[in-house]
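By letter and in written order, the chains are A, B, C and D; residue numbering begins at 1 in each of them.
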Amino acid sequence: MPDLYRIVEEPLSADAVAEAVAAAAAGGIVIFSGVVRNEKDGRPVKYLEYEAHAPMAEAKMLEIGEQVRRRWPSVKAVTMLHRVGRLEIGESSVLIAVSAAHRQEAFEACHYAIDTLKRTVPVWKKEHFEDGEIWVGLQGG
Amino acid sequence: MPDLYRIVEEPLSADAVAEAVAAAAAGGIVIFSGVVRNEKDGRPVKYLEYEAHAPMAEAKMLEIGEQVRRRWPSVKAVTMLHRVGRLEIGESSVLIAVSAAHRQEAFEACHYAIDTLKRTVPVWKKEHFEDGEIWVGLQGG
Amino acid sequence: MAVRFFARYREATGRQRLEVDLPEGGTVEAAWAAVVDRHPALSQYRPFTLFAIGNDYVQPDHPLKAGDELCLFPPVSGGSL
Amino acid sequence: MAVRFFARYREATGRQRLEVDLPEGGTVEAAWAAVVDRHPALSQYRPFTLFAIGNDYVQPDHPLKAGDELCLFPPVSGGSL
């Protein structure tokens, strides 16, 4: 089961990432999904646009996966997908799935992966409101 | 978006539970999936059978959901599903999804929910090997 | 009153339910003794058994009422059946 | 050498790329100065800007080579454009 790190334009599927990491020896899978919120600081959001430096983003996600495997040896597989383009309220912008023999490690590894992704992976979002837009990126997610 | 706590016989879908908890104001969803492993202490597993005291199991899962909401106020929705009957290697036996405004709380709440489910929800599994079976249940998962 | 068996206990006794006669105010512990009278193979599991009535776990000294269904939950793990 | 703009910078400059002339061994900082010469609106963002070449972040004193493409990553947040 090869690990997978991709910037994609299509809608993300939790079932697909769960299947991707369901190594036969894994006991537990933890999935994080980042979802487009309907408001930002009380202002209603209409939709979002995501932009990435795709090759570097994929390389940075691979680095995170390698860090995860060094730090949590019971991890069996890691998948990280980030979507770009226009996303509507309630759609998933990022999916991270980690399978491990022990669920404690799966939780810790998945949490570490999303925290690190937010700090280091070059992806930006533009929040569209009724009366304007704001760019947010990297640490701002 | 009502919370959902069910014992079911059908295959579990991570997409379905993600959708169930994707309250429009949620920023992050954490999902735990327990997967049937292909071995137990080095012995190859053929398949598993799960049995539950279904009404009590659903009541206990609801209790866990109520504890989660009291302890992590940013939690928006909780879904807990446990499958019973015969499950093959790699299939999901339990799915817990928690959506929250802050991902830290979603991780903590989901982790707490699966740990507590393993201790208190009356579900047992029978592991079928080539040369015998073992019942495991409650704290043994 | 009724006793209900799950998982390993269902298989060990070959049944899902058993009716036992208890005096009014008899405890869970007394019901267990009546069950073991009929199915001595269960006696080894006593230290590991959990008891429930309705949707709640109960202690061995819990008094039973008419109409209660006492659920016996088997221990966590163990050898092959 | 080439400079590439992302997100807010792409919109603020109206372009994805810019060619700048730098002496051999010029630094990221020198490239930034050349960019701001052409697009003064970017100057306010300097303290928040991240720089990358290839798939790696680089520091302002990093020397550029012929053929490098310097990526300018905008700051985290801010007012409406």
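One rule holds for everything that comes next: a contact is a pair of C-beta atoms (placed from the backbone, for glycine too) under 8 Å apart; a residue touches a chain by one contact, two chains touch by 3 or more.
In this text the structure is predicted, and so the values were computed from the model without any measurement.
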item: Chain C reached from chain B - shortest hop count over touching chains; value: 1
item: Any chain in contact with chain B as well as chain D; value: A
item: Farthest-lying chain, centroid of Cα atoms versus that of chain A; value: C
item: Centroid distance [mean C-alpha coordinates] between chain D and chain A, Å; value: 26
item: Length of the line joining the C-alpha centres of chain A and chain C, rounded to whole Å; value: 48
item: Interchain centroid distance [CA atoms averaged], chain A/chain B, Å; value: 22
item: Mean-CA-position distance for chain D and chain C (Å); value: 74
item: Sites on chain B at which at least two other chains make contact; value: none
item: Multi-chain contact residues (two or more partners), chain D; value: none
item: Every chain pair in contact, whichever chains are involved; value: A-B, A-D, B-C
item: Partner chain A, residues of chain D touching it in the complex; value: 6-8, 11, 50, 52, 54-56, 71, 73-81
item: Touching residues (chain side chain A, partner chain D) in the complex; value: 51, 53, 55-56, 59-60, 122, 124, 126, 132-140
item: Chain B-touching residues of chain A, taken from the complex the two chains share; value: 13-15, 17-18, 22, 24-35, 37-39, 89-90, 92, 99, 101, 103-104, 106-107, 110-111, 114
